Structure formats: structure tokens, C-alpha cells
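Presented sequentially are two complexes of chain A, the first with chain B as partner and the second with chain C.
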Partner chain A sequence: MSDALSDAGSDVNQDDAQEDVMTPAELIAKLEEAWLNEKFSPELLENKSEVVECVMEQLSHMDANLQRVKKGDAKASIHRMEIDRIRFVLSSYLRSRLRKIEKFFPHVLEREKSRGEGDPSLLSPEEFAFAKEYYANTETYLKAVALKRMPPNLQTVDMLKAVPEPCLDSFVFLRVKDRQENILVEPETDDQREYVVDLEEGSQHLMRYRTIAPLVSSGAVQLI
Partner chain B sequence: MDSSEVEFLAEKETVKIIPNFSLDRIYLIGGDLGPFNPGLPVDVPVWLALNLKQRQKCRIVPPAWMDVEKLEEMRELERKEDTFTPVPSPYYMELTKLLLNYASDNIPKADEIRTLVKDIWDTRIAKLRLSADSFISQLEAHAKLDNLTLMEINTIRAFLLDSLNCMYKLRSNLQPGSSKGQFTDY
Partner chain C sequence: MFCEKAIELIRELHRMSDGQLPAFNEDVLRQVLQEMEALYEQNQTDVNEAKAGRAELIPSIKLRHCCLLRNQRCLTAYLYDRLLRIRALRWEYGSVLPANVRFHMCAEEVQWISQYKKSLASFMRSLGGGEGLDITQDMKPPKSLYIEVRCLKDHGEFEIDDGTVILLKKNSQHFLPRWKCEQLIRQGVLEHVMS
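Up next, the complex of A and B:
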């Protein structure tokens, strides 16, 4: 019985050596990073479907191995606990993305449309399908309940104007992973002057999301 | 963020346990653990330590900082300084709570430790409130928050961020013609 499990472990380790060499532990760390960033950023971030897919693969691999193990095995229960913890992070991550897609769907779709050929896509294919369907359903619903009873000139709704945009000016808490220099801090009121700050590695800050949004996507800072 | 999620992150910290069973190395996705031998201390994540403890399969060795004398020193320093002093663990509050709730019999002077950590926490939260107050009244746009833990940030997050957003909304509406005024999130 324990053979099956030791095998599971070494298999998993080799599995991951695929493209960019990343250990499963690093993969999980990446997922957790993405989870926290997505949780705290006001807008939808770039999708991390490679990470999600790799994690899913690891989980189903481990699951399959556990199927072969007798009930009541001490190692198996520890493995199950770990799987449950990872699955929690994964689903919480995906759920927070869906919540943002539902909240900002016209803007998300608009950004996806206007994205250049080579740019990484914002949504995973599944999320894109979801967003489109959500858009269509909302439109149908609005028509059915209200719009078709309106005078003809009021029967259309511009979704982009009807749905609020993500507020990029909200404040976020962040921890710096790679030192950054000369980050411009905009003044709060007209009688204040703008100034620059250096973000030291490991330090924590509270500032507007807009200023540091590029740093979040490059991975230089972590939202907390 | 829910505070239970902060606790979830705290459970990834490692802690030493002394198992009373033997088991080979385990190859978890997040890293290898063990081997476990009765009486030999081994490092495991807190979630596993608590599970084993609840099944009475191990004794937990409290982390070095969870010590009355060290915590008393910390409390004095925290009270003396106006700024936040460095904490022994980024999850000191959560770990204290978890370990004392589930393994108080393995921790000497558990009650004193609980009181001390609570004192340190209260002092720090009071400072946090003060600095949030001055942050808002001086209309700052940037704050450095070194040595604050995630749990501490989390206790003030919802309130502080919402108030800042509200104030920003009110202010940007006061300045007619500013493009930032179109706040639609309600």
C-alpha cells in the first residue's frame, strides 16, 4: 500500500519537469500568489491557466493514486488533507475570478476584444465562454422584463455604460518582492505635491492600485 | 478576506512535533515530510501537526518565541516604541490561538502566553488605529506598513479601504470637471 503512495510522490515530481522547470511546491506557491492577487485587486487580472491546469493535473494524479490505496491508511489521510487544502485555494481563486467577470462583464469582454494579437489573453477559454453567455443572458433578461415594454427609442441599453467599471483608484495593501525605484505617488488634493517613493524588497505599503497595477502583473509586488 | 483564510495561510507555517508513531517519508505535492520516528522531533506544517495532535499521535514543541520571558520583553518594547516593532512570526496571533486551543497541554504557562500575546496584539491594534486616523486626516496617498502582519492588516482592511474610497468619491465629486469624478461603483 505505501508503495503506491511513494510512487505517487516521485511520479508527481517528474511530471512537472515539463516546460519551465518548476517543482510542485513552487507551483502551489504560484497558485497562492495568484489567489491573493486576484482576491485583492479591484480589476480582473490576467488568467493563469497554465498554473491552474498544472495544479489540476497534480490533484487528479494524486487522487488516482489514492484510489488504489486501502481505506484507513495513515499516509493516504495526510495526502487527502493536502489535496483538500490545495483544492480550496484553487476553487477560491476561480470563484473570485468568476465574481469579477459577473461584476464587470461588458468591460472584461471589451478589453478582451481590444487586445492585440500577441498579447496574453485576460480570460481562459472557459471564462470567455462564461462571460459571453452571461452577457447574452443579461441582455435577454433585460429585454424580457423591461425593455420591450419601453418606447422604441429607449429599447437599447449600452452595457458598457450600464455596468460600473472596476475602480482602479482603490487602495490596496502590498508587499514588495523585487525592489522598485521611483514609484510616483499622486497627490490626494490639489494643494499637495506629487512625490516618488522607492519600494524596498520585503517592505509593505498601502497605496492606490492604479500606480502599481503593472507591478502586480509583472509579479514584482504581491497584494496582501 | 475572511480571517479564517488568514488562519488557513498561517497553517502552512512549520512547527516541530514529537511523534509517537513511525511512518516513512511522505511525498506531498507541497514538499516531502518525515520520516516519522517515535520520540524524534520532526518539522511539519501546522495543519498536520494539529491533526496529529487531535488524534493524540504527537506532542507539539512550541516555537522558540512562544516563551513568557521573550514575550514579556516584546510587550515592553511594543509599549515603549511608537512604531510597530518586528514580530517573532508573521502569524504570531493565529499560531498562538491555534496552538493554545488545540495543544495547550504541550505549552508551558499557556495562560500567561495567551495574556501576553493578547496584550501585544491590543497595543499594536491601538497603534494601527492611530496611524489609520492620521493617514486619513492628513489625506495621505501612500503609507509604509513594515512589520504589520496579515491578520492585523486584515482587521482594518474592509473599514479603512471602504472609507478611503468613499472619501475619494466625495472629493472627486467636489472638483467639477475632473475626469475622475465618474464614480459608478456603489
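Up next, the complex of A and C:
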């Protein structure tokens, strides 16, 4: 058994090890972190296209290695399963981003426009192209079917007002990765007062997304 | 009463359960647009009279304007919600929509979805530095590599990754790689047999 394992296994591992900045395990951990954050945060987070690209590369490496393994090897199917799992996480991550882009497209594009020179972009170039096309397509459609047949003063719709914004006040579960001190929690109702909390490393909380949004993007907390 | 027709459109969608697409209601849509036109014309004449000094007309002008805005909003909501439903169908059935769905769409909606399909396809093609990844696959976390499937209709020959060609005949049962079957299961060609 160990022979069979080392046969296919060493191939895959050697190729994986060529990545000098990040080991594959770290890369997958990064992907999973980005995936969970994106899945649970109400708004669109910064794009991680370099992670996506690396993972795609790894997947095709592993795939190519598996082609060379002979049929009926027990190790091959385990690796095949692993590829499937990684591909699921990757697809799911990209899907949830695309879903949010479609849902909040005017706001996403507006943020992209108002972003200062040198600030990192929320959208990857592909996502930006998609969002622009989606906006234009939907606008053309609404115009063609209804708006152009309306009275002259009602032929435009302010998309920014018409499409709901992401609800930043929704609550999220989170786990703290780096200890944080003096996090200001704003009051929820009028008879409450604001207060500060310390977030201990490894502890888990249920908080409003708005409060910890900067910590999510800095990677100090992980949404769960 | 103003705006009743517009609400009718919204109700029609509301009554349908999620993911179903009712026929495009061109009739009511046109009626709403006619109502809007009438309201607008009345307002135009009244505005002119109000300018000439009849200030008592202003409240009714305001009321009509609110109705106009409401009608506009209801119509766009109706149309947009339909788009979202059509979009969901794209993700469920793959790039070819079933005939009964297309039958319920208006020409502009067909145009919208074909443009959407194009955008989505070029997005997926450009992923990962040009290699491409079909993100409409792998919708559920994989549990096992192979699954037992039963054919529900004749589909013809089907090639799996290692080059083996199998014949998908009605009522035949196969043990196939999951990632090859997912789309066919959603199209209703195959059925996942739970043991």
C-alpha cells in the first residue's frame, strides 16, 4: 500500500512544493478563509484573484499528475476526491461573489467609481466587466420594455435608489484570530449606550457586521 | 382607483411560488402604461391652469404625480423580479432553457438572458488567467466520487473522462463520476438513486 501511495503521492507533493511563497496547505487555508468570509458577510469583500489564480493552477497541476497515474490506483481516487472538494470551494466562493455583484450591482459599481487612486479594487477585472455588462443589459431591458413608453419625466430610474443596499447591520458569527482591544459597539436602540469590548484570541462572538467590518478585511477575525 | 392594475402585476408574481415564471402579462402592462399616459396628460392641463392662478388644483396634481411614481415603481419591480427568476432558471437548467419557460418570456427578456449568458460565459472563461472554470457546476459539496444514477430518458452515447463511452438508455442504471452527471441530473435526464 505504501508503495502505491508514494507513487502518486510524491508526484503531487513535489509539484506542490515548488510554490515558494506559500505551501499548498496555506493556499487552501487562505481560500477557505476567503470563502467563509465572503459567504457570511452581507457586503462584497475585496477580491482575492491571486488566490483564485494559484488555486486554479494547483488544480490543473494535480489533474495533470492524475492523468499519469495508472487505472485502479487507490491513491488516485483519493486525490480526485480532493480536487473535487477544492473545486467546489472555489466555485462556491466565486458564485457567492457573483451573486452579490448581481444583487447590489449599482452600489458595487458606484464604490468602484468613487475609489481613490491606488486603493485596492473590490472587483477583479473580470468581475468588473461582468458588473458593467449586467448594469447596461438590465438598464437597456427596462428602457425597452417599459420606461421609454412612460411619460417623458418618468423615463429614467435611479438604480442606486431602486436597488437595495447591502444590510450592514445584520448579525454575523465570528471567531477572533488576533486579539483586539477596545472595539466600540454602537447602541442598537435609543435606551442603550455605546460600550467597548475586548475580543480575546480564539473566542467566538455574534456581532453586527458594521462593527467588525474593518477587522474582517484586515483578517483579524474570521466569519463562521 | 389608480395603480390597481400595477398592483395586480405584483400580486401575480407574489402568488407564484419561487422559481416559477408566469406568462409575460403584456396586456396589463399596456393598461398601466395607458393609465400613466392619461394621468400625465391631465396633470399637464392642470399644471397650466394652476400656473394661470388656480392654486386649488395643486393637491390633485400632487396626487396624480404620486400615482405616476408608484406605477413606475411597480412596473420596474415586476420586470426586475421576472429577470431574477429567469436568471435563476439559467443557473438551474444550464445554458439552454426549457421550451415552456421560453414560451412565457417576452422578446426583450429573451434578449436579456442571452446577453446575461454571454457575460457569464466570458466571466467564467476568463477565470484563473484564461483557463476558465465552470462555476455553474459543483453546486453541492461533493460526498463521493461516483454515484448511482438511473436514466429517465434516452440520451444517447456519453463519454466519461477516461474515454469510456457508455450508452444512456431509458431505465438503465449506471455508476458514474459525480462531476460528469450533475448537469444531466438537473436537466432531468438522470436521476440520482439513493441506496
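Criterion: the second predicted complex is superposed on the first by the 204 of 224 C-alpha atoms of A that agree within 3 Å, B and C clash if a C-alpha of one lies under 4 Å from a C-alpha of the other, contacts with A are read in each partner's own complex, and residues count from 1 in each chain.
In the analysis below, a residue touches a chain if its C-beta (ideal position, glycine included) is under 8 Å from a C-beta of that chain, and two chains touch if they have at least 3 such contacts.
Computed from a prediction, not measured in an experiment: that's the story for all the values here.
Chemist: One more residue to check, A:185. First (chain B), second (chain C), both or neither?
Modeler: After superposition on chain A, A:185 lies in contact with chain B alone.
Chemist: Just chain B (first), just chain C (second), both, or neither: which does A:165 touch?
Modeler: first
Chemist: Which of the two partners, first being chain B and second being chain C, lies in contact with A:85: first, second, both, or neither?
Modeler: In the superposed model, A:85 contacts both chain B and chain C.
Chemist: In the overlaid three-chain picture, which partner chain does A:218 touch, first (chain B) or second (chain C), both, or neither?
Modeler: neither
Chemist: Determine, under the contact definition given at the top, whether A:203 touches first (chain B), second (chain C), both, or neither.
Modeler: Touch partner of A:203: chain B, not chain C.
Chemist: Following superposition on chain A, which residues of chain A contact chain B and also contact chain C?
Modeler: In chain A, residues 81, 85, 88, 92 are touched by chain B and also by chain C.
Chemist: For chain A, which residues are in contact with chain C within the complex?
Modeler: 52-53, 55-57, 60, 71, 77, 80-81, 84-85, 87-88, 90-92, 94-95, 98, 102, 126-127, 129-130, 133-134, 137-138, 140-142, 144-147, 149-151, 153-154, 157, 162
Chemist: Which of the residues in chain A end up touching chain B in this complex?
Modeler: By the definition above, chain A touches chain B via 2, 5-6, 8-10, 12-13, 24-25, 28, 32, 39-40, 58-59, 62, 74-75, 78-79, 81-83, 85-86, 88, 92, 164-167, 169-173, 185-190, 192, 197, 203-208, 224.
Chemist: In the complex formed with chain A, which residues of chain B make contact?
Modeler: Against chain A, the touching part of chain B is residues 1, 5, 8-9, 21, 23-33, 47-48, 51, 135, 139-146, 148, 150, 153, 157, 160-161, 164-165, 168, 171, 175, 180, 183-186.
Chemist: Could you pull out which chain C residues touch chain A in their complex?
Modeler: Touching chain A from chain C are residues 29, 33, 36-37, 39-40, 68-69, 72-73, 75-76, 79-80, 83, 87, 106, 108-109, 111-112, 115-116, 118-120, 122-123, 126-129, 131, 133-135, 137-138, 140-142, 144-145, 162, 178-179.
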